[in-house]
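Chain IDs A, B, C and D follow the sequence of writing; residue 1 opens each chain.
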Amino acid sequence: MEKNNEFMESVSKAIPYCALRQDTQYPELIVPAGKLHEAAEVLKNYKEHPFDYLVSLTAVDHLEKFTMVYHLESTHTHTMIVLKADLEDRDKAKIDTVSDLWITAEFHEREVFDLFGIRFNNHPDLRRFFLEDDYGYPLRKDFKDEVNIIEYPN
Amino acid sequence: MNSTIKYFTDIFKGVLSLWAGMRVTGKYFISPGEIVTEQYPENRATLKMTGRFKGEVIMPHDENNQHKCTGCGICELNCPNGSIEIITKKVPNEEGKMIRAIDKHIYHLSMCTFCELCIKTCPFDAITWGQDFEHAVFDRAKLTKVLNKPGSSLKKKEVKS
Amino acid sequence: MILDIYSFSTLTSSIDNSLHNMMSPWMATLTEFVLVGIVFLLFYALLGLFLVYLERKVCAVIQNRIGPNRVGRWGIFQTFADFIKLLMKELITIKHADKFLFNLAPFIVIIASFMAMAALPFAKGLQAIDFNIGIFYVIAVSSLGVVGILIAGWSSNSKYSLIGAMRSGAQIISYELSVGLSLLAIVIFSGSMQLSTIVESQADGWWIFKGHIPAFIAFVLYLITATAEINRGPFDLAEAESELTAGFHTEYSGIKFAFFFLAEYMNMFIVSAIAATLFLGGWMPFHIGGWEGFNQIMDYIPSILWFFGKTFVVIYIIMWFKWTFPRLRIDQMLNLEWKYLLPLNLMNTVIISFVVLMGLYFK
Amino acid sequence: MSEETVEKKIILKEEDDYIVNMGPQHPSTHGVLRLEVCLSGETVNYMIPHIGYIHRGIEKMAESDTYKQVIHLTDRMDYLSSHINNEAVCLAVEEALGVEVPERVQYIRAILDELTRIASHNLWWSAFGMDLGALTTFFYGMRDREKILSIFEESFGSRLLHSFNTPGGLLHDVHPDFRKHTLEYVKYFRKKLPDYKNLLTDNVIFHNRTIGIGVMDKKMAINYGVTGPSGRGSGFSCDIRKAAPYGIYDKVKFKEILYHEGDSFARYKVRMDEMVESLNILEQLVDNMPEEGGFTAKMKPVIKLPEGEYYQRVETARGELGVYIVSKGAKYPYRIKFRSPNFSNLFVLNTLSKGGIIADLVAICGSLDLVIPDIDR
């Protein structure tokens, strides 16, 4: 754990604009949305153990903001870290894509776009996956399905 | 020359591997061993489900047409799909007080996912799994079942002595 | 000596004589045509249904199942029920399909297999036409079926069908060569292309025994190529249900589909019958030179039973292939033909010619 | 970057492309997956997967379910490894609450995991053989899988979707005959393995169909996030049981199967070897399974996770399943995300099948072992 802490300190030094949290399950790096791609690139090519495997990419709707959550793993040491970025503007939420770093992100981002409505700059193929173009974004907390609502009689 | 030898050894090895596969199927052709086909409608009489089989939710009644359900509604709360509905009524007990009792325990088999949460959480062990698995009906309404039998009543708790 | 009690020639010649006595010669010939046609049609339909049933039972036993067992005892009427179902099914017409060719294709396929049956010697004296170029005729006629398959794939205006038909075309045209060459082995051995002569030449031993190693190789090669020729077993690329759903007959329904289905099984019967006739002695009983008593006992088994017994052994082997092996890819299949089967066949033909010239086979 | 450039429609189709739609109902896509395949002749130019035909919105549904109720939804993602999916959620909740589950539960869970893995690989073996046209493999594989399902049925009452795990332990104790039947199965299945070998593994046609087909190198596997046996066939050491052991797995001796060829045959071999390895694990676990210890830890009737974020990774039969739970202290998860292995595994298909022919596409699709409900969730 000690070594890990040191390692995380050095990682956070390489990304000077990040906030590091160590008290969570996996160490978290919180970066501003505009710098996400930059930070991801640093992590991807990090000298000691590059975080070359994007485990999971998702978003969380915190009502006042979106949080993009990237779980990264280094395949050499199996170290996991979490990269986070907050998107304040809910209506025009936008963030840089990381699909040029990890190809798998392309499809995870499409899914996030489909379900949250977060747009990804420079994404090669940003279309909706499951739903029609004029459908809402169902995983947003304020989403209301007016057509297909089923309420059980209580 | 080497390639010629390889050509013929390839043929030979290929034929051998094919023959190995044919031996397996040939073996089963000559002695099929156990036949796995279930002759379903014919073996109804002998077909026995394991005791824990999740067929459908039932409410056991004893010989006096009594069950254990008090109508507390915990199963309804725990069901993730809303497949249980409890309708209660007020009935007078011995002292003449009106207390809550179950009127209908409605179970929508069509919505059930057999997750066992209702049975697991029932504090009175009033419901359990039935072993019947032939649920196909021609009318969807038949899948909505009333678990307590008409005229049934709550079983008295045995007084601990 | 083969017993004459099982010979059909007395029966057939008596029918021929009585017909000639009753009516003018050309009327008699016409009546014979019709009679033979009716007999073949009945035989064709019944045998096709039986083969479908047999296939289902064989694969069921191989796969630890029971197979059809509901309609009739052991499910023997299952295929009849299926056939009636197919007859009553709606014939779906495809939009933008070439109607004429679409309807024509099943008939071409079925006629091709029907014609090939004419030359088969079923038993002693039971053969519709005894050509002196019997083998040549059979090879020529049976390869007509591919025209029907190509037409079916093209006319049904479906992408899956087209790919399946094209595969089938490439496959059958290349495998024709090997089929011909492996049958040539027996032509060289027996010195005749007439099927009845070939059968007679095996009275004292079948060619697969008399011709020892080269004949056996030719037999194995024939089995492989014949399986490919009839779009079955590991070579069923034309239908390849995991790739092309059903290949060239994807769009067919009802009786038209039944025609394709029946033709496939009858083709299997025909190639097996040819294998039985050429390599396994046709209707000739199993004889071992010098064992007079044994040979006589064998003679008491009717020749038609010998023929069908041998044919069904070969049919079983072809079914065994199908239910064991994975399917080949189209390029691998053409590789197999052009790089392996054809050179081996050519080599084998040369060896056989040498063997026959030197008289190295059992006489 | 302007709005328009982001939202522009990408035109993937040319006018004269020969497009064949494989699916949504097609025998070799194993479910309602639609592959839009562009062909020239039989060669695949490109292939676009279309998913979402059975998207049920499990993540949205789970937001209004308690943690115990979420379990039965996870069954329906990767229905072939439903027990392992259950376990992922249970482990996440247990870790969040700091609950120590009894050792016996951990043993039983691991045994059931391995049985599930064998059953799943068995079904894959059958279906893969059928994809390649060897129809008999389907029945042999199913025959052996039924035996496992009977063990499941005896203990859980259901054969496919068990919902047997619950946060804190198991719903019931296992059946008294569980240990005996498991050992019987191990013995039975070891006897059947030579059949598998002769029928498919050693077959020359099968070799031709799979060796060198759909080659995926290690870098590509990592980049695409291809995990599970498919990733390990490319030498990507991604077995969560080794990398981040959960449950009892750090006390079990087993090998992580790695092949470096990266073709369909390597993926096949990984799964075949994993079945043997699972049998070894089963033998270790069943013999040492404690008889005492109960089947569940003490849990409150209403589970409320402390506020925070929890991520749990488990190794399902198809790869890494991640469960990401965001809790705000309520009895419902605020957000739950399933990182399903098949979702990542699917999208490598386009790259792998490019330049091959239709038959190769089927072989590659089969060797990736996709389960469509897991992709759609």
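In the analysis below, a residue touches a chain if its C-beta (ideal position, glycine included) is under 8 Å from a C-beta of that chain, and two chains touch if they have at least 3 such contacts.
Keep in mind that what you see is a predicted model, and the values were worked out from it rather than measured.
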item: Which of B-C and B-D has more C-beta pairs touching across its chains; value: B-D
item: Longest centre-to-centre distance from chain C, chain (CA-based); value: A
item: Centre-to-centre distance between chain C and chain B (centres being mean Cα positions), rounded to whole Å; value: 51
item: Chain centre separation in whole Å, for chain D relative to chain B (CA means); value: 25
item: Distance from chain B to chain A - Cα centre to Cα centre, in angstrom; value: 41
item: Whole-Å gap between the CA centroids of chain A and chain C; value: 64
item: Sites on chain B at which at least two other chains make contact; value: 18, 21, 24-25, 36
item: Residue list for chain C, restricted to those that touch at least two other chains; value: 62-65, 323-325
item: Sequence positions of chain A contacting 2 or more other chains; value: none
item: Parts of chain D lying in touch with chain B, wherever the complex brings them together; value: 65, 68-69, 71-73, 75, 136, 139, 142-143, 146, 153-158, 161, 163, 166, 171-172, 175, 195, 198-200, 202-205, 301
item: Complex contacts: residues of chain A adjacent to chain D; value: 24-26, 52-56, 58, 60-61, 69, 71, 75, 78, 80, 82, 94, 102-104, 106-108, 111, 115, 119-127, 129-131, 138-139
item: In the complex, chain C residues that touch chain D; value: 59, 62-65, 159-160, 163, 167, 234, 236, 240-245, 322-332
item: Footprint of chain B on chain C - complex, ascending; value: 58, 61-66, 69, 320-321, 323-325, 340, 344
item: Chain A partner contacts - residues on chain D that touch it in the complex; value: 1, 3, 6-7, 9-10, 51-52, 55, 57, 59-60, 95, 222-225, 236-238, 243-244, 308-311, 313, 320, 322, 324, 326, 334-335, 337, 339, 343-344, 346-347, 376
